[in-house]
Amino acid sequence: MSDPQEKRLTHLDETGKAVMVDVTEKDVTDRIAVCEGAVTMEPETLAMIVAGQAKKGDVIATARLAGIMAAKRTHELIPLCHPLALTKVAVDIEADESLPGLKVTAMARVASRTGVEMEALTAVSVACLTIYDMAKAVDRGMTISGIRLIEKSGGKSGDYRAKD
Amino acid sequence: MSDPQEKRLTHLDETGKAVMVDVTEKDVTDRIAVCEGAVTMEPETLAMIVAGQAKKGDVIATARLAGIMAAKRTHELIPLCHPLALTKVAVDIEADESLPGLKVTAMARVASRTGVEMEALTAVSVACLTIYDMAKAVDRGMTISGIRLIEKSGGKSGDYRAKD
Amino acid sequence: MSDPQEKRLTHLDETGKAVMVDVTEKDVTDRIAVCEGAVTMEPETLAMIVAGQAKKGDVIATARLAGIMAAKRTHELIPLCHPLALTKVAVDIEADESLPGLKVTAMARVASRTGVEMEALTAVSVACLTIYDMAKAVDRGMTISGIRLIEKSGGKSGDYRAKD
Amino acid sequence: MSDPQEKRLTHLDETGKAVMVDVTEKDVTDRIAVCEGAVTMEPETLAMIVAGQAKKGDVIATARLAGIMAAKRTHELIPLCHPLALTKVAVDIEADESLPGLKVTAMARVASRTGVEMEALTAVSVACLTIYDMAKAVDRGMTISGIRLIEKSGGKSGDYRAKD
Amino acid sequence: MSDPQEKRLTHLDETGKAVMVDVTEKDVTDRIAVCEGAVTMEPETLAMIVAGQAKKGDVIATARLAGIMAAKRTHELIPLCHPLALTKVAVDIEADESLPGLKVTAMARVASRTGVEMEALTAVSVACLTIYDMAKAVDRGMTISGIRLIEKSGGKSGDYRAKD
Amino acid sequence: MSDPQEKRLTHLDETGKAVMVDVTEKDVTDRIAVCEGAVTMEPETLAMIVAGQAKKGDVIATARLAGIMAAKRTHELIPLCHPLALTKVAVDIEADESLPGLKVTAMARVASRTGVEMEALTAVSVACLTIYDMAKAVDRGMTISGIRLIEKSGGKSGDYRAKD
């Protein structure tokens, strides 16, 4: 993190109230964000989902759709987010036996005055929640972790890429 | 996890399609779920939020409200969740310098035929996302982690308590 | 108002945070609330709406439907409201030349653990906003006023009736 | 109001049916609207809220957020409103002992083909409803009044400023 | 249809205004509705979907989920429908080469004071719309037809079964 | 339909997963779609609605509004649809004694990177569902049929007009 003295919480105004940032004067540019997260679970739970996946794919297909649909509603859920006319949302989910669990990656894209990190993060979060919901009958101890921004481009604040 | 052979993914029917579980015949009982999660961040980011918090409380107050409001919309976000007439949702957020970051705990309660884990997990997730949104201008590397069920009671499947 | 010392803001907990009141232990009773409000406008605007009304009724019919539909979404709009399975919502709108303007009355009813004042007030508010929207091209100076609870029954806090 | 003969209710078509006005051909311009409203209450209720406000701010902070979030959903509530990609919404709430009560002001802004009066009015209305909800346990007689457009700019119909 | 003189449009009150029927006094009973509909298309389009279906199932799986999710939002879409705490929604989609096209069947269930026909019909409609959306790039001439109630049970008006 | 070999289901990616098509690079053009559908019913039901219509118009007026409002929420209902800032939605409903029943036509318009067929189809579908809902007490055998695209213009894929 660079010098925090130069920074401020842009969603709080000078008197400390939560505000929606005014983006009217910002340029409309092509903005992309990629985020990731994971659901860790018992190896038997992962095996069950993957076996189902091989045959019918429904846990993973359902979670992917839930993530895509949630991205479109980000501004309803996150109080100070702007509504955006998203041009693309993609969610990928892969089994990762080293967790063991499922790894979720989401990408959101828009031609707009403000970024799409929150849309991609919301897609990841809701996809993870949906995996939990569909597998919770066999494994209540699953944990959702590592939800973070991997990469973003577009906009005045410049591109960002997570360190590892 | 007990013997997985005896278990199945209740949201998939016998032919593997995703289904909403039929809860019509289940008893209406008092059901409670408590979940937790955290946002880890740079120590300077936490200090900024806490300083704001001491004076005006808005990052934390906003995230708490976002979590409560999201819990009420869980069935819109999670494809196979039942709509529930929640009787209580609470979200608590505390600074934890050992992370460093903010720890989020949510409780949901309902007198219903089905449990409220997903509502509590959704409250935690959206509160965490809101914290990320409000602080992302100063720290893009924040990570949302450890979202899990801590405790549930009510319903036929019995009470549950996470091991640690 | 009775002695404020005995009262407290039930949506704030003992430490001052906004909370959803826990209604789990409350009795399910038949609860009704009636609310009112008005849109005052230029006499010519009222005449135009009433003339349209005589022939096709659309300003008033549209506002009535908008109010009914909004009542069903009260818990999405008002952060600490509980979701309710409303059993009845009615909205009536009448021309009142003494304002001059339109008077809106709404009734909401539910068999539930908590009251329906907010649902009736939301119905009135959104019906008034819809009237404003449909007539604003001819009269930007319209004002929405007098939105208040007229009468409520059911629940432990007892019946209420506004003084005049 | 200027000559009503020259005016018509733009949301009714020539045969009197409610319609969404076609704004496709309008210019995209920077549009701003500022609206206000108030909740009048017993002086003791105001004192309670302000005291809470001094310490924790939650009634007012909650109402502000509710107003901002509602503005983003205006097109879902008001049947003939266009969906807009709002670039800014702000809500301010101040105690006014002369009412006595709370005065709510909201601003909405967008670069769009149509104005944002309804978004600002919806923000004011839902902020007022939230204040009512949070204080109703101590004062059922509160009244929401004076919701109106203060000022607008942008768009072909020209700027507007309320007379007083 | 039995004697229409004995019948009336229950959603219109005695003065002709659209109203939400008051169901407060009705019994809570187990109510089920089954509905159907179809999307007819070019045989090549059906073959494409079925081929995709054999491998990954996504057109049909996506349409099933969209139908289930839409059923939960019926009361937001249909102005005079009551919100219901659905206990089960199921959607089945099968290829029918005699159409040629896809046949959609939906079932909704609830323990409530009012029926679930609209929820099942909404599930069918939105599943059909989703099929159209996913295949429209190859066949703009698809038609959605035959959406109707097949069977209902529960409630005072008695059971119903379509003639063929 | 032209040669299906040259076509593919654009909502499925190369590995068969459902995806939102990336429209970022498409041109913003004026796009219009017109769709139709019908509700067939007993002649007595139609007579009842038309009689109500002559006097108060509420079945038809309610269905028109429901269709307009639903069009604005298409992207929430149809999983892979993009959110669009619609500039116009219109719904017309006419009695057709040859069915007998009501014929519904909807038009949607937008200046956007992607078409509005789904918005117009959703408007028709929800208008038809609303007619069913309002008349179902007198006629459970009504059927919704013939929902299809009549005409579209704008966008790279060229104009389309249904054959008859």
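The first chain written gets the first letter, and so on, giving A, B, C, D, E and F; residue counts start at 1 in each chain.
Throughout what follows, contacts are C-beta pairs under 8 Å (C-beta built on N, C-alpha and C of every residue); 3 or more make two chains touch, one makes a residue touch a chain.
Note that the structure is predicted; figures quoted are calculated from it, not measured.
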| item | value |
| --- | --- |
| Steps needed, at fewest, to go from chain A to chain F via touching chains | 1 |
| Chain of greatest Cα-centre distance to chain D | E |
| Longest centre-to-centre distance from chain A, chain (CA-based) | C |
| Inter-chain centre distance, chain C versus chain F - centres from mean C-alpha coordinates, in Å | 32 |
| Separation of mean Cα positions, chain D and chain C [Å, integer] | 16 |
| Contacts with two or more other chains, residues of chain B listed in rising order | 17-18, 56, 58, 61-62, 65, 69, 73, 76, 79-80, 83-85 |
| Pairwise touch network: line, ring, star, complete, or other | other |
| Contacting chain pairs - touch in the sense defined above | A-B, A-D, A-E, A-F, B-C, B-D, B-E, C-D, C-E, C-F, D-F, E-F |
| Chain F contact footprint on chain E (complex, rising order) | 1, 4, 7-12, 15-18, 37, 42, 44-45, 47-49, 52, 55-56, 58-59, 61-62, 65-66, 69-70, 73, 76-81, 117-118, 121-122, 125-126, 128-130, 132-149, 152, 157, 160, 162-163 |
| Chain A to chain E touching residues, read off their complex | 56-58, 61-62, 65, 69 |
| Chain B-facing residues of chain E, complex | 30, 61, 64-65, 68-69, 72-73, 83-90, 92, 109-111 |
| Touch list for chain F against partner chain A, complex | 17-24, 75-76, 79-80, 82-85, 112-113 |
